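Just passing along the structure, written as structure tokens.
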Amino acid sequence: MNIENIKSQFPIFSKKINGKPLVYLDSSNSSQKPMCVINKLNDFYKNEFSNIGRSIHSLAVNATNKFEETRESIKNFINANFKEEIVFTKNATEAINLVATTFGQQNIKEGDEIIITELEHHSNYVPWHFLRETRGAIIKFAPINEDGDVIIDELKKLITLKTKIIAVTHLSNVTGTIVPIKEIVEIAHKKNVPVLVDGCQAVPHIKVDVTDLDCDFYAFSAHKVYGPTGVGILYAKKKWLEKLPPYIGGGAMISEVKKDKIIYAKLPEKYEAGTMPTAEVITFNESIKFMESIGIDNLMKHEKEIKNYALEKLNKINSVKIIGNPKNKAGVIAFTIKGIHPHDIATILDEDGVAIRAGHHCCQIFHEKMNLTATARASIGVYNNKDDIDMLCKAIENCRKIFDLK
Amino acid sequence: MNIENIKSQFPIFSKKINGKPLVYLDSSNSSQKPMCVINKLNDFYKNEFSNIGRSIHSLAVNATNKFEETRESIKNFINANFKEEIVFTKNATEAINLVATTFGQQNIKEGDEIIITELEHHSNYVPWHFLRETRGAIIKFAPINEDGDVIIDELKKLITLKTKIIAVTHLSNVTGTIVPIKEIVEIAHKKNVPVLVDGCQAVPHIKVDVTDLDCDFYAFSAHKVYGPTGVGILYAKKKWLEKLPPYIGGGAMISEVKKDKIIYAKLPEKYEAGTMPTAEVITFNESIKFMESIGIDNLMKHEKEIKNYALEKLNKINSVKIIGNPKNKAGVIAFTIKGIHPHDIATILDEDGVAIRAGHHCCQIFHEKMNLTATARASIGVYNNKDDIDMLCKAIENCRKIFDLK
Amino acid sequence: MDLKQLYQDIILEHGKSPRNFGKCEGYNHDAKGYNPLCGDKVHVYLKLNSGKKVESLTFEGEGCAISLASASIMTELVKGKSFDETRDIMNAFLNMIKNTSEIRSNHLDEDQKTKLMSLSGVKQFPMRVKCATLSWHTLVSAMKGKKEEINTEVID
Amino acid sequence: MDLKQLYQDIILEHGKSPRNFGKCEGYNHDAKGYNPLCGDKVHVYLKLNSGKKVESLTFEGEGCAISLASASIMTELVKGKSFDETRDIMNAFLNMIKNTSEIRSNHLDEDQKTKLMSLSGVKQFPMRVKCATLSWHTLVSAMKGKKEEINTEVID
């Protein structure tokens, strides 16, 4: 696969935005979808649609098999040990809530401690905050430094006998920081503390091997990995899924239902109540095949090249400041322009067909720490190329002109 | 719109199953999708895809507007009073869990009573069972009679000062019973008890007006209303959504996040954490337009005709027994054949291209009550016609032949 | 797929008039099995003699033709076998249904193999495999003296 | 859509050098506003005289050009107005941005209307409407003596 020509596989890039070609630099928010994924979804609804699970007619059997094939693909893609360790949710946020709620119910009592970091997305903070509200847990924030790296020694010091779980992002959706998860897991496990990893930004961009990381839980979303919306994935070690209580109750997650007792289904159905996003899960298999056809090494190499080019060019523009300078940085670039508010930047860039995001990117703790109210963010996907970066920089120059910056 | 030719709008019916034309009688499980719905989904992913909410580039603004248009359409379709009373979930099961969990957290303590009926789908029992397990609630089952009707007088007697909520289906997915919700709500409200209605089977088949019903909560799924999988809808009176705590925590459902406190977003965002099934919600608007273009009265008339034809023909077949004979019956027909187990029926019918469902249909309480372990179920959608029923009956004759029944 | 393969005369016949149906006298082991998917239930009664061999074996239950026929045929084939032999036969049966298309076991004669092969049609109907295997899992559980009910949604 | 309409010189100029910035002396009302979408913050300080008219009005805050310019222009236009007049002006402004394309108020002269109309470009940028309206909501809240922070995600 020629990564240079990959844009042609994404139909949206033949569209014009405000009369200009689309320069999409908002992939950390959600990625665009390649033709193979869109076609699969279309095809399934047109020719094969059925619910999965309990019906035994041919359509249902076919759909059930395909659904399980996606589970198998994901298992292989992130190198889990068992198919039953892959649970489908509606998004990564639900996956994290699933863990926080069920783990909390079983393991968190008043005064128990949960460690997260100052880099976390709200989706990896609010679910733990609920445990603070309902069970009296204490949340401790592992600090980051000016570069946007988690200070591992400080995190280490936060662990006490009351620490029940550590929840940490694999890759920051603001600074692009790649967090040394393996090291954190080792530290945590030495003290018998399980680790949940928010892998939303990692899975689309770097190699993820949950067995190597040895984390207890790993959450991500299909829509950021060139897949459809409506699908989240929770990886959890079997021992946890077996031990924790169910989360959502309803059809499919039960084995036997009587008036006075209910027996839950085996894994992974125990955690998959009601009708799943059937078509979307089945379609997500194409996204994984798409990722594999490129090869994660090629993808990383490509995105690194574009990122480096972007950093170099942005750094040359007067008054542009890149936020964070982590040891290991993926293609997520938050920046500010002295004298122009990020929201004004986003509006002006959009007029030039350049889609970026402005705001706190669901990371208010980070922004507060850095003394910022908002940043602009350009995030790179597999389809971006150097022309896109040139367009970004040109559009930024236009901002500067409008605001009459020197 | 000519309802007789409507099948041609559903591409799946040009497919062959085991060499035979597809006779789809499993719509209570999930409905097939018309071309307008499939095309919209395809088109959105190809030409307009973006996440909604916080980004302010053109794609995001467009997607956000369309997302909200679906909310508006649903509001009008079920005649809610406010757009913020419509909350998107992943399926009806999550919608019911949302209510059970948040309502339970705020209102249920040990010994409090929840009333459900013997007709309920597991999705409207297990979430309440969780409150039995975690909060010591008591679940009371309003009994049904042999016909499959809820005995309203018995339900009335179950209400005590400890009754905190009544949860009841609008339309049974086994017997097709249409439950007199308005009457139940009146009874309940007189005693200040709120009512949740499981409207999964009602919305696709009968007129639903939540203002007229005056129910407090109403849950259903898009995939049963000719829409995509991955989308559930909760209607709840504003006063409840304002008062109840949030359910899933994460991005988008917050307004302000600090290390020591979190302020939640206004309605309906408060209940919509993380990335929504964006494309699927946007697409669901086409399903509603499809329903409206047919007209709910025409649809009801059509389905009634097919149902009556089916009942008449099935009743003529020796050893076929229809389960339940409710006062008001929609096009859901559970049946047994003396001497052939429902699973054998389903397998044999499938060979003739006839897709039905066999089992307990997520209603074990009902089956236990009726002294059955399983039933076969043929359920009617807008696309079914008399030919389908003829095919069903022919396939049943084939079953009888294989099993050598007289 | 082939319905005639699935519903062979022998299956229909065993399904209609299952052998060894009921409680056997003096049973010293029993176990229950349940398939929540279709509601199939089976209760196996077993008398192991002093040599740990199956002296008598009966069952009660309700279910589809496949599950009743499978249980019925099982009661015929296992009589006189030891625990290890029974387990070997079950594995041969499972293996036939899931992987190969023949029965590989030294503990059955050709006639018995043919009888067991009458269930081979299930191979083409993956949703029906559990119907055919429930009674076997339940029997093994009974021989082990396990107390919990076998549940096809919990075992594989 | 038209960037020049949005970023008119007067907006850029007010955004860069907002008028009446800081705390005014002897203020007797104040209120905070927050737009979580972009992190815009505004703090309005107000001195109402004995006749319940705005004697002085200042603000502090940070935000985009639109929000700063809007707050700055507001402080200029509202001075000397009563509560009802202020509310009328705000409604005329909101109405202009959301529905009509002119300012309908008896409490502003033509020059003042022209100044306020410099924010009309926002009409074409729906995501930016809250930037323009935050300070106005906050001012009304201050005059009412409300204690809670105004939050654009909570108001409409």
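Note that the chains are named A, B, C and D in the order they appear, and that numbering of residues resets to 1 at the start of each chain.
Please note the rule applied: contacts are C-beta pairs under 8 Å (C-beta built on N, C-alpha and C of every residue); 3 or more make two chains touch, one makes a residue touch a chain.
Because the structure is predicted, anything quoted here is derived from the model rather than measured.
Visitor: Farthest chain from chain B, going by mean C-alpha coordinates, please.
Guide: If we average the C-alpha coordinates per chain, D ends up farthest from chain B.
Visitor: Centroid of chain A to centroid of chain C, CA atoms only: how many Å?
Guide: Between these chains, centre-to-centre, one finds 47 Å.
Visitor: Report the inter-centroid distance (CA atoms only) between chain A and chain D in whole Å.
Guide: About 38 Å, centre to centre.
Visitor: Which whole number of Å gives the spacing of the CA centres of chain C and chain D?
Guide: Going by mean C-alpha positions, chain C sits 80 Å from chain D.
Visitor: Which chain B residues touch at least two other chains?
Guide: 18, 54, 56, 254, 256, 343, 347, 358-359
Visitor: Which chain D residues sit where two or more other chains touch them?
Guide: Chain D, residues with two or more chain partners: 36-37, 125, 127-128.
Visitor: If each chain is a node and each touching pair an edge, is that a line, ring, star, complete or other?
Guide: Shape = other; not a path, cycle, star or full graph.
Visitor: Per the contact definition, I'd like the list of chain B residues that touch chain D in the complex.
Guide: Interface residues on chain B, with respect to chain D: 54, 56, 61, 65, 254-256, 263, 265-266, 269.
Visitor: For a test of understanding, state which residues of chain C touch chain A in their complex under the given definition.
Guide: 34, 36-37, 125-128, 151, 153-154
Visitor: In the complex formed with chain A, which residues of chain B make contact?
Guide: Residue positions touching the partner: 11-12, 15, 17-18, 22, 24, 26, 29-30, 32-33, 37-38, 41-42, 45-51, 54-60, 89-94, 96-97, 100, 105, 121-127, 129-130, 134, 139, 141, 221, 223, 228-232, 246, 248-254, 256-259, 262, 273-280, 343, 346-347, 349-350, 354-359, 361-362, 364-365, 368.
Visitor: Quick check: in the complex, which residue numbers of chain A touch chain D?
Guide: Result: residues 18, 339-344, 347-348, 351, 358-360, 367, 372-374, 402-404 of chain A touch chain D.
Visitor: Applying the document's contact rule, which stretches of chain C touch chain B when the two form their complex?
Guide: Touching chain B: residues 1, 3, 6-7, 12, 16, 36-41, 62-66, 125, 127-128, 131 of chain C.
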